[in-house]
Every structure is written in C-alpha cells, then in structure tokens.
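Letters A, B, C, D, E and F mark the chains in the order given here, with residues in each chain numbered from 1 onward.
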Amino acid sequence: MSGVVVRNIERADASVIERLAACGVATVHEAQGRKGLLASYMRPIYRGARLAASAVTISAPPGDNWMLHVAIEQLKEGDILVLAPTSPCEDGYFGDLLATSAQARGCKGLIIDAGVRDVSDLTEMKFPVWSKAVFAQGTVKETLGSVNIPVVCAGALVNPGDVIVADDDGVCVVARHEAEAIAQKAEARVAAEEEKRKRLAAGELGLGIYKMRERLAEKGPKYV
Amino acid sequence: MSGVVVRNIERADASVIERLAACGVATVHEAQGRKGLLASYMRPIYRGARLAASAVTISAPPGDNWMLHVAIEQLKEGDILVLAPTSPCEDGYFGDLLATSAQARGCKGLIIDAGVRDVSDLTEMKFPVWSKAVFAQGTVKETLGSVNIPVVCAGALVNPGDVIVADDDGVCVVARHEAEAIAQKAEARVAAEEEKRKRLAAGELGLGIYKMRERLAEKGPKYV
Amino acid sequence: MSGVVVRNIERADASVIERLAACGVATVHEAQGRKGLLASYMRPIYRGARLAASAVTISAPPGDNWMLHVAIEQLKEGDILVLAPTSPCEDGYFGDLLATSAQARGCKGLIIDAGVRDVSDLTEMKFPVWSKAVFAQGTVKETLGSVNIPVVCAGALVNPGDVIVADDDGVCVVARHEAEAIAQKAEARVAAEEEKRKRLAAGELGLGIYKMRERLAEKGPKYV
Amino acid sequence: MSGVVVRNIERADASVIERLAACGVATVHEAQGRKGLLASYMRPIYRGARLAASAVTISAPPGDNWMLHVAIEQLKEGDILVLAPTSPCEDGYFGDLLATSAQARGCKGLIIDAGVRDVSDLTEMKFPVWSKAVFAQGTVKETLGSVNIPVVCAGALVNPGDVIVADDDGVCVVARHEAEAIAQKAEARVAAEEEKRKRLAAGELGLGIYKMRERLAEKGPKYV
Amino acid sequence: MSGVVVRNIERADASVIERLAACGVATVHEAQGRKGLLASYMRPIYRGARLAASAVTISAPPGDNWMLHVAIEQLKEGDILVLAPTSPCEDGYFGDLLATSAQARGCKGLIIDAGVRDVSDLTEMKFPVWSKAVFAQGTVKETLGSVNIPVVCAGALVNPGDVIVADDDGVCVVARHEAEAIAQKAEARVAAEEEKRKRLAAGELGLGIYKMRERLAEKGPKYV
Amino acid sequence: MSGVVVRNIERADASVIERLAACGVATVHEAQGRKGLLASYMRPIYRGARLAASAVTISAPPGDNWMLHVAIEQLKEGDILVLAPTSPCEDGYFGDLLATSAQARGCKGLIIDAGVRDVSDLTEMKFPVWSKAVFAQGTVKETLGSVNIPVVCAGALVNPGDVIVADDDGVCVVARHEAEAIAQKAEARVAAEEEKRKRLAAGELGLGIYKMRERLAEKGPKYV
C-alpha cells in the first residue's frame, strides 16, 4: 500500500467541523457511542488548544519524514495532518520549518503517533500538536509512504477527510459521513448537561437526578 | 468485598490536616519514615495545587463509574475522593459534572488510579485531580463496587479517613491515627531545614553541615 | 569502578558553550550527525528553560544520593550535574536543599535518569531539571558511587566535561573536544534555516525548496 | 456501534487459508508489502503453534466478556476469535471453559488485545492464544459489545472474515479479498528464499547475492 | 516502619493451604470475589510450577537484599518469601545461593516485585519464582528493611501468614483468616465447572447453559 | 559518526572468552564490580543458551538493516553481532536468512536492542538471540550506519571487540582489555561459592556464614 498519494479527498462541511470543535473531545466521543478515541498517550505539546479539522493522513516508515513534505502539498485550508508510522517510532518527524510550511497552507495542527521537536517554537507559533513523544531525533528522506490512505493512528482508524477533534483531553476521530449527525447529538448533550450542571452545583445528587436509586437498590449494595 | 458502602468513617482533625498540607508531600513522606507514596505516574492535571484532605475511598470495576455517584453522597466538607479500579484501567471515570457535584458537597479533589476527562474545565474550576491518565473514554454504570473500604491505590494502601497529602510532587497517604504525630515530625523537619537552607545558600557544603566527611573517609572513595 | 572522584576535569570554552545553548537541542543534534540525544522520557520539570553547561557526572546506586553531596564539592561556575543510577530507579535523589547548595556554587541545573522532588520550589528558584520522573521517594547515604567518570545516562554516553545542551525538546550531549566544531556547524544550520523559513512562510513548498521532486519521481509514488 | 451481531460473514477459501498458514507470519507480512502486523506485545501463551484462520471479531467493553459467549455461537469450523477491548484492558476474558466451548465448535484459537487465564489448561488442550497479558482477573457480563464488526486489534484493522496468520513471531492479518493474491506472493518468496539460504549457508555474502556493493559504494561508507 | 522483624506469625492450616493449591489461581481469585491478584507483570521464571504457601513478607530498600538473609532465619517449612521493594526496582535481589539456603529451610518459592537472577540454576533446583524481571544486577547489604510486616506487593496487600497461591496464571493472595472459607468456595467452583465443561465440550452453548438469552434479549443486540 | 566500517578490530583471547562463558552473566557482572549489564528487557528467544563472544558492533537507523549485511562481512569465527538502533525501534532487523549467513561465517549469536523474527527457525538452528522484542516487521536498506564503532546498546557501552557474556539471566559486556582480569576474579567467585553453597544447603544461615549478625545488631532491627 506504500507509495500512493490520493489528491482529491472529500471533507466534511466547514460549519459542521466548527460545531464539533465547539463541543470538544469528551462530548463528541460520547455522542458517537463512545468510539473514536486515540490512545491516552497522545498528549498536546501545550495546554489550551481546541480544534476540529479534516484529516490529511500520512503513513510513513519509522524515522523517515519524506511523506510529510508530500502531504503538505495536499493540504487545504482547515486541514490537520495525521501521521501514523508503519511501526512504533518516537523520532521527531516534525519541527518548526515544517510547521511554518503547513501553517502557510492553512493547516491547523498535527496529530502524530511518534515524536515532534521544536516545541517551544511551535508553542509560540500557536501550531498545536498532539504526539506520543517530544523528541529531537532527526529523520531521513529515503523511503516512500502514502498520503490520504486509511491509517490506524494511536489505536484508532482514521480515513482521509474524517474529522479530527482535539483538545486538552486528547484526540477523537469522527467519520466524515457521520459528522453532521454526531454534531447534532453532541450539541444535544451539551444542552442537556447545562441543566444538570446547575442542579449538581446546587447540591442535588446524581443518584437522584439520574434516578439511580431504584436500580442501585436492586443490585443491593450493603450500607453499613 | 464488592457492594459495601461504609457510611460513617472517622476523619483526622481538620487542624492536623491543614498542618500536613502546609508541610507538603516530600516532607510528610520523610517524616513518616519514607512510606506512603503513591506511584510516580500519579500526576496532577495542573501545576500548583497543594492540599491535604480525608480520603473517601472507592473500589470500582474497570470502566464503570457508578460508585462515584454513590461515594459523592458520603462526602463531607474537606474530603477527597480516592478511586482504585479493581484491575488496571485508564478510562475517564470523572469529568466536569461529577466535579461540580463533588465540589458542591465540599470535596477538595480526586486521586484516581485511572483516567480523568474535561481537564480544561476542572482546571478552570480549580478542582485538582491526580491521575494515571487524561483520557476521555466514557464509562458505564452496571456493576457494584464499594465505598469506604481499604483500597490499594497506585501501590499504596489507603484506608477510609486516612489523610491524603498532594502537591506537584505527587501524592502521599498518612494513616489517620498517625496524622497528628506525623504533622509534628514534619513541622520539625521544616524548621530544621530552614537553617540548613541558609547555610547551603551561603555556599557551605552538605559534606560539612551533615558531617559526612568522616564516614565518607571510612568508605574510602579515591580522589584523583 | 565505584568509589572514584575525579577532581580536575577539563571543560569546553565558556563562549563555545554559550553558542551551543543559543542553537538549542534539535539544531545541535542535527549538526553533529544526529547523535547524542538522551531518551525522550527525560522531560523538564518546567517549560522554557534553555541552557548549555559542562557535565559533572555522577554514577550512583539506586536509592542512594550520597554522591550528589560529593559531586557538589566538585562543581565550578557553569557546570551541570548529570546523574545516572547504576540500575533503573526513579527515587527522588534531589530536592530544594541540594538545589540551593548546587546553585550557590554556580550550578546551572540537573540531568537525572531517575526522580526529582520539591519541583514547585525548584521552579520558583529557576533551577531547571530534566528527569525521568517526579517522585518524592527519599534516598539513603550508604554506598559509594563515583564522580566524574564516564556514564551512560538515559541511553547516551556522557564523559565528564562534555557539553550538555537542554531545552523543551530534551537533552543532548556534545563531546568536549568536538564542541567548537559542532557550534560552528549548528550556527551554520541556524543561518541556513532563516532563509528557508521565510520562503516556507510565503507558501513555497519544501518539495521545491529542497529539490525533492526529481528524486521522488524516481521512486514513483502513484498520485491518484 | 455497540450491540450489533453480524451473523453471516464471508470467509476466504479454506485452501488459501492453509497456504497462508504454511508460509508463516514474517513471509506473509513481507508478501503484502509489510503491513498487517499486530503489535509486538501480542505473544503466544506457548511456543510452536502456527495457524491461519478466519476472523470472528469481537468488540468488548473493558472487563466484560459477555460478547465472547455471543461470538461463540457465530463460529464456524476453521475460525479464530479476535477480541479488541473498547479501551485498554488486561483482564482475563477467556479461560478453559470458553476454550472448551470454542474448540467444540471448531475454533482454532484466540487473538486478544487483553488478558487470558488458565494458560496451563489451554496449553494442554492445544488451544493457542496470542494475548497482551496472562492475567487471572475475572470479568462481568453486563454490557453489550458487538460481534463481527471491523475492529482495531493491537494496532491493526481487522474486518470479520479476514485471514489471521499467527505463529511464534506474532500475528498478521490479511484482508479477505487479498488472501489468494498474497498466498501466491508469499509462496513465491518461500521458493526464492530456498536458493538464497543455500548460498548463504555455503558462505556467500548477502552483499554479493543481493548485489548491494554498487549501491553501497555510492553512499560511500568509509572502510577503515 | 523500617527495622522491624516479627518472629512469630500465624499461618493457615497446612491442609487448607494444600486445598487452595489444588484449585489454582484463577479459581481461588473468583472464589474470593475477584480480589487478591498481584499485577500481571509478575511472571514465573519457568512454566508448570503450582503451589500455595504461607507468606513471610519482606519490605526492602531498592537494591539492598540484606533483609532476605534476615527473613530466611524466620522461615518455617511450607513458607514462601514475598518481597516488596520500598520503591520501584528490578535489581536481582535473589539468586541460587539464597535459594539453596531458603530451600534448605523448607521454603517453597519466592514472590518478588523486583528482579531475580541465576534463573537457570533455580529452574534446575525446582525453586519457583514469580518476579517482575529477570536481571543479574547485584545488590548491597547496607540499609534495614522489615520482615513480616504488611506489604503492598505488585498492587496487592499481603499480610504475613496470608496464603499465596501461584501458578502459570500468576499470583493471588488469600487472607489467612479467610483461607478455609475460600478453599471451600473454590472447591465448589471446581466441582460445578466439571459438569459445565462436559456440556460445553459436547457443543452446548454458554448462552444456553448460563441462561443468558433472556437477559441478552432485554439489552437488545441487533442481529444482522 | 555514520558511514564508518572498521575492519580490523582486536579481540580478546579465545581461551579467556571461554572462561567468561563458563562463569555466566551474574558472576561476571559481580566480578567486575557490578557493571556492564544490558537492560533487563533484553531477553533470549529460547532458554538454555549460554555463551561468550567478541562483539562486532552495529549502529543502524530505525527500520533499516542494511548494515547487518555489511557487518556480516566483518565477522570472524567466535564473534557475536551487537546491534543498537540510533533511535528506539522494535522492527525485525534479523531473521533466518541473515542467521544462516552469520552462522556460516562463525557467528555465535546476536544481541539486538530492537526486534528479531523467524524465532522458530532460529531456535531450530540453535542461533541464540537476545532482543528487546520478537516482531516480524520488515526493514529497508536505504541509509548507512556504522560497523565496529562504540555503541550504547540497551543502556551499556559496548566497544568493538569487547566480550559479550549472555545466558538466561541476560547480557553483560566486559571491556576487552579487562577480560583476563575479570575471568580470573569470576573464577575465584565460582570457587568461593561452592563452599558456601554446601554450608547453606546443610541449613547454615547466611547471617552466620557472612558474619552479618554484628553489623546487623549495630543498625538495630527490632525483633518482636
């Protein structure tokens, strides 16, 4: 499957993507039936970034970042790069020069199941990255990978054009064709939570609000 | 041992708890003979929190946060929730709604040998959490666990009502009935360190201050 | 090899060290042919520190920080402590008192393939530490180690007097006798990158700037 | 996506599956362009098993093995169970009773990105398992998962009916519709290697056999 | 808590211990309500050992095996050594000489949340060890620990005199005063499983035997 | 440092190497002052191999095994290959064809801080490998590394021509110029242990044999 670059991928509607960003990772994950999370080791290089964007996917050999250059040519405004190495690797595939280039072409960030470097610069540039490691280790440009093919990134299947939602809680992927439906469900959750938050803040118990007492009584925990 | 909720636990005296908080994790750990630390992977979701509180313990199945709702009902002002899963798990048992509820009932924070989510919200709410992971993964409410039984959390035995001390260095547990004695020893250490800090800042060597030279000479390192 | 303290080590020229600090970890690592990085798990206790300094090395038994006291006596202005345990350990060998002492003698920081504690204090003191863990676990003073012998720290060989470069990307070691040559190469890279950064920021592609298209064509990725 | 059981899945041809088994994991992985491997932590509970089989996939909540019972009803002679938990888990979902049941229905083994127990019994029964852990931890039967939907298992996408190849080197998945083509390529590799093995055994160098000297000379390693 | 050696501990009845050994780890763990397992990283140095024995516990500093010598003096026929380091460590505290000594005094094996060495010799001697690592790293004899105090070993609380059950599935601890009751429950499980095993082997489904169909229908998985 | 192949390295005397093999890893490690061990994750692919050999070292990029072919040309009878990747990697650099070639040229085995494949074949060939992983993942031949330069392998510095000792306990490196002296010390340890083993087997305590009681009494453990 190596050596394929898919040029024209479909993306979700920009307004739908924005709605998903507004809901955040935890809510979107719940709204789609608790699926789509990338592994918990995918951490942001700085706190406070929160976005949704269309995935331009990269399958790259360990320690070889050639395909990042190829992928950047395929970026459209509002995309995010998603790199999965073909075997476990934590090399620093990406740094400030690539970020400058990607940002110049409208890229919103990077999800990489490997390492990233120049994190001080990236923080200053406000170019968010969620990665497995921060590691300065340099890479070569010798072996082809692919761009815009389906990849498994940090345990989750990502198809090109899928919507990536990312914030301080981590990263979640939403299938492109489900994006609108999930946005609607996620917004419904946000609305429903508002009321509950107020009641909980006022001291009501979840046991009451969620009507758990009866079912709990059936299971019969022993209060002593 | 599943399915037990202990309602009335004894807590240490509030003033003793405050004195332990003032001393901090490293000092308290030393004062009690270098015991009671939770594993180093228990990290705070934000820097700068520092507290001591009475443990309300939770033993919960992997991926099931039902008992958190049950435990919140048992909270008293000045408590902290301590959750140990019955097998290794990093799901996000706890988020902003549960934090709102816990905070409304006087809870000072959460120690969880698993995951937490909504960390941006929790940071804003100043609800500190020390956890093994940040992970949005949702949980179910199907299987009973227990509240206020002894648990092993991140490698340390915690009995309900024990004092949890937590800061940027991690988490330490002090047995309830030893709390007063340990507070005293910890304060003595703080006092003793002040003098040493001044001498060290002035350039004196620990080798001299702690009178290590003689014992060192016996062991005989070769200076070359 | 235990029980040796080497007193007079050679250091690189202070001006060379400053030039390496200015270039940063990723650039220095590249300039010396992609070698010298410590493992990616060596993370700074706070963000924003950036330095270069001469290594005073310590080989210490697990859970025994006696040699830190011995090493501090050997410090000169502009040095950095580099501690490698003789077997894997994450105990907190180092805290605010040792930092006070080291800082009073001109020490710029600590690299430790183990744990550190009192990180709030160290942050306030602006004493930077790159470590494997933050852990309050106390240590003893019973067994000799050595000071200023070659050590393998987090996977990299460090000789006493080598130059340590450290920033938010991690830690890199430069052999003392290569320091000047590497500084020159690193500065050349910084200069060369400036031009590229401008072109990339203007939207030019790396594929063009680095003339990759021809070689890429040979390998023949299939554009679809 | 929870709560779906797909009853009639297509399988690859039995003879093709046997041909893949004969080639083994490493060869099949190479034959399909170095893809399809499950993570290296998936280890066999005993040495010497070697098989290929059709995947009956299971997506199961952490610590809940209910769906294994549901999946066993869907087994056909020559199948293998492939279980991926919905979040990281190492509980012992599977032991000798489930193995007895699965074996009775023609199941050839289990691939599980979690734990397994009763490994002495399974070894005696010659029921091979490749797992992330050996762990006796028991599970509940409370929450639905799905059977025969696409899953990501140990980093690899597995569709129901795909061919699983497994031996002492680990586990590899081959897409059902590619199975025949890959079997052919794999057999060609086996044949080609036979000749090379003889020449290498006779002392010829790979540098010569694979004609690497010229290309190596271009890159120019310095012989000293 | 350091520096205490408890000489006379109570043990469970030898016949009860034998009954627990016969049931094995997985069954005993289930019989006591799914508690008491040590972490899954505790692996036997060779396959096929299966035992139950009374715990003589050791709390030892990292890299210091002095207390093992002290503990061996406290051994009685039918005991097992259980060592928990006071902070994470994988040094080789134990090898063939200590095993010779322990075996001579009736010791049945070792559970160690650290490393072991001379594993070829121990295998030949039929002295079973469950450990976190196999590692030759030597240790010192400088700092006191304790013998026969409660310890947390690989995540489980072990009191001196508790019954350790260990086999290829790992290690489980049974509280001394519960040993008889658990033995009874475990034997009941073994008996009950025999019947089920036969029915499953004959091709009956667990869905039927365990009467899961009705409850499953309520939850409503969609068969497609 | 990439792209260097050192052709003529010095080796230790064959008879010295044999004497080290006879002593084994744990004894040699102790004899040289408890240094030289590779990390505990370096495990043999089969039990029972035990050897000592001269290191032919390889520094190789992640996922690129070209230098193995180059190194094999440099092998002499009685050598062992030692491969350290330039960044963490677990790809399967080495399989049965390379083993056939290496074995034909007198190579005794492989130490690799990465992955190995075809482990069933290697076991049958009696070609021992100590590795970080068993993983079938294929590698490329694109980027130069070096042969017979100093490498850090699994945390230990290995110079070409150093003696590697390996058995079921792991791997230890002995500096070439110290090999004879260490062999002598190791043999002395073996001789001294024989007497102790007999006394311990007869039931004498280490506390007595090693005269620990007095020093123990000074430290004052409390017997209760």
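As a convention for this text, contacts are C-beta pairs under 8 Å (C-beta built on N, C-alpha and C of every residue); 3 or more make two chains touch, one makes a residue touch a chain.
Please read these numbers as outputs of a predicted model, since none were measured by experiment.
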{"item": "Chains in simultaneous contact with subunit B and subunit E", "value": "C, D"}
{"item": "Superposing rotation of subunit A relative to subunit B, computed on C-alpha atoms, to nearest 5°", "value": "120"}
{"item": "Computed distance of Cα centres, subunit E from subunit D, in Å", "value": "31"}
{"item": "Subunit C and subunit D: spacing of chain centres that average the CA atoms, whole Å", "value": "42"}
{"item": "Set of subunit B residues in contact with two or more other chains", "value": "34, 37, 40, 86-88, 90, 135, 137"}
{"item": "Interchain contacts (touch definition) - all pairs", "value": "A-B, A-C, A-D, A-F, B-C, B-D, B-E, C-E, C-F, D-E, D-F, E-F"}
{"item": "Touching residues (chain side subunit A, partner subunit D) in the complex", "value": "1-2, 33-35, 37, 39-40, 86-88, 150, 152, 155-157"}
{"item": "Contact set on subunit A toward subunit B in their complex", "value": "24-26, 29-30, 34, 37, 40, 43, 47-48, 50, 167-170, 172, 193, 196-197, 200-207, 210, 212, 216, 219-224"}
{"item": "Complex contact set, residues of subunit B against subunit D", "value": "61-64, 86-91, 135, 137, 140, 142-143"}
{"item": "Footprint of subunit D on subunit F - complex, ascending", "value": "3-7, 66, 69-70, 72-73, 90, 92, 95-98, 100-101, 103-105, 115, 117-120, 123, 133-138, 141, 144, 146"}
